[in-house]
Amino acid sequence: MAEKRDIEIKSRADTIGLMDLKDVRPYPVTPPPTYEQVKPVYEKRKALDFCNWSEENLKFEKRYGKDEALTGVRVMDIGLWRLGHKFCSSLFGESGAEVVSIEPPSGDPLRKLTPFGREEYLLQNTETGEKCGMEFVNETVNTHCVTLDVETEDGQEIFKKMASNVDVLIDGMPPGYMDNLGIGYRQLKEANPGMVYVWIGMLGQWGPWKDKQSKFGQWMLEPFSSCACSWVHNTGLAQDLLPRGRGGDPTRSGIWVADYVAATQGYISALAALYWRDELGGTGQMVEVTGAEALMDIIDFDITWYGFNASIKGRSGGWDPNLNQYAWNPCKDGYMMIGGQTDKLWYNIGFCFERDDIQFGRLIHEDPFLKEVGARNALHALIKTYSLTTRWLRDQNRVEAETKLLQYQLAAGPVLYIDEVCEFPHFKYRPWVYVHETDYGPLLIASAGLSYQVRTPFRCKWMGRDLGYDNYEIYMKWLGMGQNKVNEFKQKGVI
Amino acid sequence: MAKDPRVTRIEDLPGPKSKGELEEMKMPYEEYCKKIFDVGNEHIKPNALKGIKWLSCTMYIFTPNSVVNLAELGAEVIKIEMPRMGDAMRHTSPFNECYLYPLHDTRPMTGTGLGFTNANNNKYFLTMDYHIPEMREHFYALVKKFDGLTELYRPGTMDKWKIGYRQLSEINPRFIYVWGGGFGYGPKMFGGSYDILGQAHAGLASVTGMHEYMGGHATKHTNWIIDWESGNIITSGIMAAIHWRRKTGLGTMLEMSQVQTPTRLLGYTTTMYGKFGIVRQRWGNWDTQLAVHGIILCGKSDFPDADNPQDKFDARYVMVSAFQDADFKELCAITGLKNLYEKYKSRNQRCEGEAQVEIYAALEKWAADKSRSQVAKILQDAGILAEPVRNDREVYESPHYRERGTVRWLDDPLFGDMLLHSGYSAGLMEKTPRRVNWHWRPVGADNKRIYRDKLGIPLSKIQEWYDKAWI
Amino acid sequence: MCDIIWCKKKKDGKDCDTINYLDPYYFWNWEGTIACAECGTVYYIHMINGFMYKGPEERPGEKPDTRPLYADKPYDGYSNYRPGVEGRTRPYQCMPRSWLTGTADMVKFSIRGRPVRGWRPQPKSAGLAGTFGFNWDIQKLSPEVWEEYQKKLAKGEVKDW
């Protein structure tokens, strides 16, 4: 038990030191469900045999005992600030490739980023005391951290030698930066014709809107990508439902979303290129992925829609203009998502509500316009449906609403905050969040989505690293450069 | 190396080997990139995944998207739909307005809605009621010829129908079997799921939208982002599995649950809760780790006289970024907010919540009598990063995407002139580019092509099955 | 009554009987006056977290702050006022075009003037078991659209972008 203390909090400063327990906080608050508790769910479905087989063969806990898909693939990654090239490298790392991330000796500025600029949220290496931002640690999974100043001649020589043996080179630098230094795709492919060179950026390394830098050298970062592909314009609540400046505005994602999408596509394209090279006798090649375009690739049908009848998608907040019901709306203690489009589900929603609100069926189910599944997506139909839905919801808290709706076999669920996500029984059982022992002490992290596989699950081995932690190992292994030489370069500021 | 060591051959020397190569090296980098990606000539280059064959028992967006990536990279993909009905996604269209006809010859009044777009490019469309025992043998015949399958049924359903991983891996040990769904094994194993449930359940919605104290609400990402991105992640897993299979000859099964996807993409959120007990909230159009790095509202629209309301009312937002000291100093100078620079000189000071509230309010006040393009121009001229928030029309008209071929028109074989913004945009590849041949095809459009030409079923039999609604 | 205002006002001897829908996000926390879409009666409401804290109270003679986005009359076959009916409902600006019908838009040509199969019914064109080829013989299957297309071509209405 923690010791009881009397404290007085007058400002945020008084809370510093109270929050960081030097260890993970008590987690989970309630224990995860046991197999014995889950078994009845399997039995009820009459699928116990299959479910047991699934647990036996897919279970998260068995991941380290299985092989890694990309053993032997060598990846080098250079880039700063952004998550695109980092998440891409992490995917390679999680699937077993040997990944080396190159940073300048001064380190990636992302290491210093911390929520609201508060240094007390920096993580601290338990052995060395070196500090690092949480975002950096979360997005560098299984990568070796090596320092090298590629703006020096020595650095360029070293980089060239390292690049001559890699399968994949991930470039997250500004357009033409590497080429200007003489270590871009054009120059490197000669020594390593099998190399797949993946540039990951915001808008492009060429073309009228290519990535820019400010007069002072500041880079473009997300959400510039999602602003350039209409994604931000199309997200958020309509000004008709909430005033401008208070949420009725185009809205960015809470995360650097385009970076993640570009990273995933970079990984897919790189592996496709390797397949062509190895299986079909091809060569290396250049791949270019941008956040704006990778996000545009998956922006539903929005641009196609413009070509159809000059529609420009507007914002629809928590509602989806393509399906009804398919939305979240406010409820007593937050937001509740309800989905059910086909007639069966649509009427089931009504039957559920009618237990508390007898008028719902009268006003919704009897309206002739709302009887046809497609017609229900008309704007006024959404307004009517969700007004009455919310009238039911405002009397329910999320648990009550979910319990009632699930009795009618509906896909329904609350908007959860991260503390609730981490305590969600299914999340704890899989587990989708778990405590991983890192160089920064035990940290609560999210597991990789591809960790659940029969043969080669993805896995996190380590995350984050001190700056230049792997210098000696990698320079020896990749270049045969001994520690004295490395130290010499260190003194010159090259490494 | 030349046989005679006294002979110096140009190909043995470092540097360009021919005049063409020399010119290539001298070319400005941008031009070089443009030349190697050679937009418009994708189809004469090889397919990266030539020879890979994939089956798709999928619906909606999530699992179809995991397969469409393969189809665009050159794999041969057959999508199997239920006879007459087809994928439920065919019946979704924004505000019920946009459909392309026909869905199937027997339903001349029903179309496929635009909701189906982009997740089904290049696929061949087969109908088969694979849950009836009569069709099982033919399903197996496909499995023997194919590299893998993606399906989305509630867990155990395919197993019950004897076409699950446990049965198929015996028929074809190289088979890569993918289940994509909501939850996977565990207490909610049989829970249904949608994209929006993933956004809601896994924490993404809780950090997107304006802050509560501003009167804001949690907002949905405009697209079915969790469906799409989870699909992309599945494709990643498939590519890794194919890579491993080259070495071992063994197939595998992937279980991929979309509901968890956003949690992995939440950056520091989970760790911050675990270590400090702090529950991240929404922070609207600003950034929690950088300031200034956010979207501001300008006083005037760029197109006040436009007919389309999106142009008329909403061309008012600019993304402004000046988080480094020099940039922030310049931003304050150009907007007459020098006092703010004096007040918040360090990057960390500017990031504090109260500071951000003050800074953005001041910037919006400065922009209150200006249009979006005026604001962007003033800042760009001062060397600061600022870009308008663009809408669909502006994306369509953008010279950038046109030149890069990522927005282009496709003369669809069956549906005619359709604008395309997927496939080519997923990533440019120099030697084995992605490509799109068609948006989609009607339900069962390739029945004859597959049943007769691939499986050798007599035409009379195909007709018989069709009449029985087995296919 | 809360997220709807069911107006029972007598108008010309008849009950108004119109339901004014108070859409959830706009009115979740809101105080002010709102006019019935049918009879124009002004009601004062004060809503806190979706609850009708005060109202609806009639405020005759006051100018309404706003109007509902949608209203309908269940006793009149659900005849309705959709968003943006002048003097009845609040305009809805955030639309993809200046008009919305909520029914399929029978498009024959894309925005650059080339044929696209957006109208119904479509003539039968499938072969065995619903099999389609890889072309759409528009000249044969839909000669009237083909003709219209020829006219567009002649008039220079068909563009590259």
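Which chain is which? They are A, B and C, in the order written, and residues in each are numbered from 1.
Throughout what follows, a contact is a pair of C-beta atoms (placed from the backbone, for glycine too) under 8 Å apart; a residue touches a chain by one contact, two chains touch by 3 or more.
Computed from a predicted model, the values in this text were never measured in an experiment.
The chain pair with more C-beta contacts between its two chains, of B-C and A-B, is A-B. When every chain is represented by the mean of its C-alpha atoms, the one lying closest to the mean of all protein C-alpha atoms is B. Separation between the centroids of subunit A and subunit C, computed from CA atoms only, is 36 Å. For the pair subunit B and subunit C, the distance between C-alpha centroids works out to 30 Å. Centre to centre, using the average C-alpha position, subunit A and subunit B are separated by 13 Å. Within subunit A, residues 237, 239, 242, 305-318, 330, 374-375, 377-379 each touch two or more of the remaining chains. Contacts with at least two other chains are made by residues 93-98, 215, 217, 308-310, 313-314, 409, 417-419 of subunit B. Among all residues of subunit C, those that touch two or more other chains are 25, 28, 93-97, 100-105, 107, 110, 112, 116, 118.
By the touch criterion given at the top, residues 2-4, 19, 21-26, 28, 49-51, 69-70, 72, 74, 77-78, 80, 82-83, 90-97, 100-105, 107, 110-112, 116, 118 of subunit C touch subunit A in their complex. Listed in rising order, the residues of subunit B touching subunit C in the complex are 93-102, 104-106, 108-111, 127, 215, 217, 307-310, 313-314, 397, 402, 409, 411, 413-419, 438, 441-449, 451, 459, 462-463, 465-466, 471. Remark: subunit C residues 25, 28-29, 93-98, 100-105, 107, 109-110, 112, 114-136, 138, 161 touch subunit B in the complex.
Across the interface of their complex, subunit C is touched by residues 237-242, 305-318, 329-330, 332, 362-363, 366-369, 374-375, 377-381, 383-384, 386-391, 393-394 of subunit A.
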